[in-house]
Amino acid sequence: MGIMDQFLQQLINGISLGSIYALIALGYTMVYGIIKLINFAHGDIYMVGAYIGFFCITVMNWPVLPALLVSMLLTGILGMLIERFAYRPLRSAPRISVLITAIGVSFFLEYTMMYFVTPQPRTFPSILDDAAYHIGPFVINNQQIMIFAITIILMAILTYIVQYTKVGKAMRAVSFDNETAQLMGINSNRIISVTFGIGSALAAAAGVLVGIYYNSIDPLMGIMPGLKAFVAAVLGGIGILPGAAAGGIILGIIEALVSGFISSTFRDAAAFAILILVLLFKPTGLLGKNTNEKV
Amino acid sequence: MSVLLEAKNVSKLFGGLKAVSNFNMTINKGELVGLIGPNGAGKTTAFNLFTGVYQPTTGTISLDGKSLLGMKPSQITQRGIARTFQNIRLFSELSVLDNVKIAYHTHLNYNLLEAAFRVGRYMQQERQVEETGKELLKIFKLDDKVNEIAKNLPYGAQRRLEIARALATRPKLLLLDEPAAGMNPQETKELMEMIRWIKKEFALSILLIEHDMSLVMGICERIYVLEYGSIIAQGVPDEIKKDPEVIRAYLGEEA
Amino acid sequence: MAIMLKMDDVNVFYGAIHAIKGINLEVDQGEIVTLIGANGAGKSTTLRTISGLLKPKTGTITFEDKIISGQPAHKIVEFGISQVPEGRRIFANMTVMENLELGAYVRTDKNGIKEDLKRVFKHFPRLAERKKQEAGTLSGGEQQMLAMGRALMSSPRLLLLDEPSMGLAPLLIKEIFEIIKDINKAGTTILLVEQNANMALSIANRAYVLETGKITLSGSAKELSNSEDVRKAYLGG
Amino acid sequence: GCGGQKSASDANTIKIGANFELTGNAANYGSAALDGLRLAVKEVNDAGGINGKTVELEEVDCKSEASEAANATTKLVTDKVSAIVGPATTGDVLASSPIVTDSKVPLIAPAATSPKVTVDDSGKVNPFIFRSCFIDPQQGDVMATFATKTLKVKTAAIYVDSSTDYSKSLGKVFKEKFEAAGGQVVDEEAFVQKDQDFKTTLTKIKAANPDVIFIPAYYEEVGKIVKQARELGITAPLLGTDGWDDNKVVDIAGADSLNNTFYSTHYSDQDKDVQNFIKLFQTANDGKSPNVFAALGYDAGKMLIEAIKQANSSDPQKIRDALENLKDIQVGTGTISMDKNHNPIKSAVIIEMKDGSKVMREKIAPES
Amino acid sequence: MNSLRKRDLKAIVISLIVFAIIQGLISSEFLDPFWQLNIIVICINIIMSVSLNLINGYTGQFSLGHAGFMAIGAYTGAVLSVNFHMPFIIGLIVAFAVAAIIGCLIGLPTMRLRGDYLAIATLGLGEIIRIVIMNVNYVGGAAGFMGIPKTTNFAWAFFVMLFVVFFIKNYVNSSYGRACVAIRENEIAAEAMGVNTTKYKVLAFTIGAGFAGVAGCLFAHTFYIIHPSSFTFLASFNYLIMIVMGGMGSITGSIAGAFILTTISALLSNWPELRMSIYALLLIGLMFYRPQGLFGNIELTSLPIFRHFKGGK
């Protein structure tokens, strides 16, 4: 493999990794957009999604698609419940306390899950035949294609919802100014709830896909991807949907190239370094608008 | 009369928008000058240029003959310009006294170790700040509220505190951005008296932005009128009131 | 004339702060009623309570014979009350058109919405010119017009206006007050809160004076503008 | 908790600490070794104990983390155990070692293979640390020799887990031996525990086109690496070490991917020396078969019991002295003696994976 | 004004009494080693939370990378004792200096960022520090640094903590501290008052980082071993939780937060499987009960009962 071939192969690797970050980041960004909460529990919601998918596939013996949908549905409901019981009571509290609550929820999901399923990693069965397509010197397998495709589809649906539907406009209104949105007759609690539901369902999709792709899941699996997804969201400009998707993919590619051409042990450091560099030059992320406070 | 502040050919662009263009203004020592104009004319932007919040795209600004270009707001404050804000910006969780104490910041010079171990100049300077601060608050009838949290003050008192705080930096020039906004006519009248008195008592120059014509016409010695970033008129209140351009752009008929 | 809105011994608290202390207030169908008072008297609080953004601790608010106190804000819009909040609070990152559409959020009658959009553009021709512009880039006066237009899009029977003249240049203030009169003439009842008491009294039918959370005076706008106390305290003369 | 002065070994019992990875990354090793140790203790207690005293195990979990291992060891010495068995992995043992050294309690590491465990960098033998397994230079050598002599390869890539001393030191040994035997190391890469994605690095390794890839690591990562390597179309033989010897590897990687992989380990279950132990273990565990680490745990238990018997005391210092002088004792994997570096002399085997099952390729006796 | 110093003096006397009592409990073995260790950990956590509070609570700069500076101090201290055989006190001082210098270098560019962007940037920097350490074989890399002498005892931990608390307390009650608080309250107005906001933000960040380094050095000499995984962003969260729990902008709050959370954690170790779940529920519960933290931004010592202690106003 020449350096160019290697580069392209790493690009393929990076895009599939990045698609997963993007899926998680979409939910992160939605939730952040609407209540300005860095929902640190989002990575753990992704983990729960993976376990639900695992249960459907191994215990119920369902095929992938129904397992994916059921996991998205149940995890979406879980997200709404978390919002209802953990975050809503703190709506008027200082933001930092909500953040701490989110950390609390994160611990709770991780360790309660651990209590029930043990901390040991579970092995996802190989359900898709992992047929690999050799195109010249490159290899792409089914799972990579599927992850990428699902990410793009979900992302398109989401953009449509937010930009063009009534619910989407309501989301943007609540996100900009919750109180005034209520004055428009928008039931902002319901909108926030829906947002959590959608965001969590996306995370669940990512969870199931990761389970299939890496075929191993464990109760702490959400911590790092959750953080990376958050980084991706900020990189793209937090609160902006295409930003999250772009941020995720870019992050995946950076990681792949750094491990491919420098060293994988510096992969995460490079991801953070790029983030910081971007922020120093563009303090609100790649697609973010510079909203300097007007004096 | 000697010139205190001088702005020459100042322009400020935001992207494609020319918020201030070819702006010229002089303020003499001891003068009280008004700056009026339609919404979005660039009045607040002019203040921001004078105080270093923005840097002019072109042109020069000088205080006492020395250029202010390239300076940070904190440095300009040290040079002698203080301001209030269109939307009140108090240190809202702090006590009234602490708000004022912070304004003495540039006049304290004990070092970090003296502070950490409470030795040397620390004790004496802290005592002095406390006393001067309380005196100043007394002047603004806030002495009964020194320990109150700023955000709990009534709106009018907040405006007064903001002015007191600006004065505590010991400025030569005070910039007031819509001090009467949100006040009813009676409150505005009282404010007018206070501004007059401050100018005399502290022997400083004042530049103020205001939409309330009773205040502007009542106390300003000279007035500049801005529209779309450019000065369309300047003069004493009586001239301005009658200026057809000003009536068209800002005051409206039967002003 | 029929009583449209009635506040009955309403008390509102911010935590421990007793902001509204037993207010009784009425607005009749078709009127312009204005609420004047010093800074912090509780004018905005009163409007926010009517809109459901705040819950009264005790007391009831009735609108067209229905008790609305205790209902969430989004429900109250459906009843036919719309508020133009203090400081405009338009959705700055959306276009003028999107702002107006959000105003009609609770409605489903497509034709009615179209009608009202026309009506808004008639009151505010400048908004029609700028449909596609991002609202945050409008001038102060235009933003105020948008906020009012947006409130009208829900086709309210009662419009609450909180300091529509704040921060506006004298020319614009005149314009805005003209429009308020027009809107009222077209059939919308108005409860107006203003610092600019002279102007407010000049267009209102009746007025209430609010002092530190209590109503201290009420009467026809004419009476109040002639009252010595009111002139001293609020009108600057 | 507060006032945790639990009774030390008293007149009727001898308390032994069992500090193992029961959760975390290396949990399978730790739990297996503990099963083996329990069996040894049960045996001696069923036989009436040691000189009438029953052996009591105090079990703690070191969570596969060095700092937790240190905490757990501190707890055991605070509770005044006579000796400690475990943890299983090198890193966790190294973290425990200053504590037992300070409090003068002997520790037997059943499976920690790094030489550093018993002998420090300056060549000094740690008086309180012993082990019941072979050491890494031996298995590194075995695999390098296997690669050059048996597989007859010329080039290799080395892919280590830089978060374990075990993996790092094996990588080093293999490189030395492989190069000494005329091979060439064309790429050296590292990962850290809990990584999920290895494809990027494997792509890089693939580009270097080595004849074999040496991956000294623990089961969780081994499984993922093997799987992802095969997905990328890497067909070269993959070589490993005793960390591979867990069924989880098969679960994760799948039997197909594991074809054409070879690793060194402590014994093969086809080996006749261990048949006796296997039966014992199966009887005690409802027919469940042991793995090598259970055997090593059992061996450690046997060694300790023998030492206590010889010392005829529950005094840590005396047990230590006895451990140092163990000779020709019968344990689960054969007969062993302690050498001057506190290492027993044991042979190694090479296993080839064929469609998910283990096939013994070679058994290499230690050169002594 | 002399009453200010008198107050300090009284506080020091009280602290000495507290020290004597706890030291007595330790010497008499009334406290078992588990709790002895936890008391040291409490002191270390107090240093961490009070120093983080200077950055987050007083200056209002949302930092999530505090554990990174702790790591720098820990590794600096460990290298000095293990490889250079330096006395402990030198280790503490150098740990402070190195962490502070790195804090300053990091602070200069990043303090331009605001709010959540700053939070993620500092989190990232903390992780970068950790990952760099993981790749330095000289200090054991990802496998950890072992064989550090256990020098930290209760006396060291307590007196270093006392020093840090007094330093920061006096700092925030000076014009330096007022500048910080002004920045937190309104950065634009602070600039307008002549406060060089960049300078004070970086200064607070530097001092906070330096003391985190000191805490790290104490930490390294408590457990024989340090490991990059002890300094992840989750550790930074932990310190953040402490200051939020105690009340941002209250030193006594930070002390209480560190004390309470460390103690709860220790007590819960009796239920290892459910420990973190219970901890999480307690956390959420406390936030519901007091979203502004136990003390808000009020100092315990300014409550009426304590007034006469301090010699009145």
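Every chain is named by a letter (A, B, C, D and E) in the order it is written, and numbering of its residues begins at 1.
Convention: a residue touches a chain if its C-beta (ideal position, glycine included) is under 8 Å from a C-beta of that chain, and two chains touch if they have at least 3 such contacts.
Computed from a predicted model, the values in this text were never measured in an experiment.
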Where chain C and chain D overlap in contact partners, by chain label: A
Identity of the chain that, by mean CA position, is farthest from chain A: B
Most distant chain from chain E, judged by the mean position of its C-alpha atoms: C
Computed distance of Cα centres, chain D from chain B, in Å: 75
Whole-Å gap between the CA centroids of chain A and chain C: 42
Rounded Å distance, chain A centre to chain D centre (Cα mean): 38
Between chain A and chain E, centroid-to-centroid distance (C-alpha), Å: 32
Contacts with two or more other chains, residues of chain D listed in rising order: 162, 192
Where chain A touches two or more other chains, by residue: 263, 265, 295
Where chain E touches two or more other chains at once, by residue number: 134-135, 142, 188
Touch list for chain D against partner chain A, complex: 23-24, 27-28, 162, 189-192, 194-201, 203-204, 206-207, 209, 220, 223-224, 227, 231-233, 248, 251-252, 254
Touching residues on chain C, where the partner in the complex is chain B: 36, 38-40, 139-141, 163, 166-172, 174, 195-198, 232-237
In the complex with chain E, residue positions of chain B that touch it: 51-53, 72-75, 77-78, 82-83, 85, 89-94, 98, 101-106, 108, 110, 112, 115-118, 122-123, 125-127, 129, 165-166, 169
Contact footprint of chain E on chain D as seen in their complex: 1-5, 61, 65-67, 70-71, 74-75, 78, 91, 94-95, 97-99, 102, 162-165, 168, 192-193
Chain A-touching residues of chain E, taken from the complex the two chains share: 109-110, 112-114, 116-117, 119-121, 123-125, 127-128, 131-132, 134-135, 142, 188, 233-234, 237, 240-241, 244-245, 248, 273-277, 279-281, 283-284, 287-288, 291-293
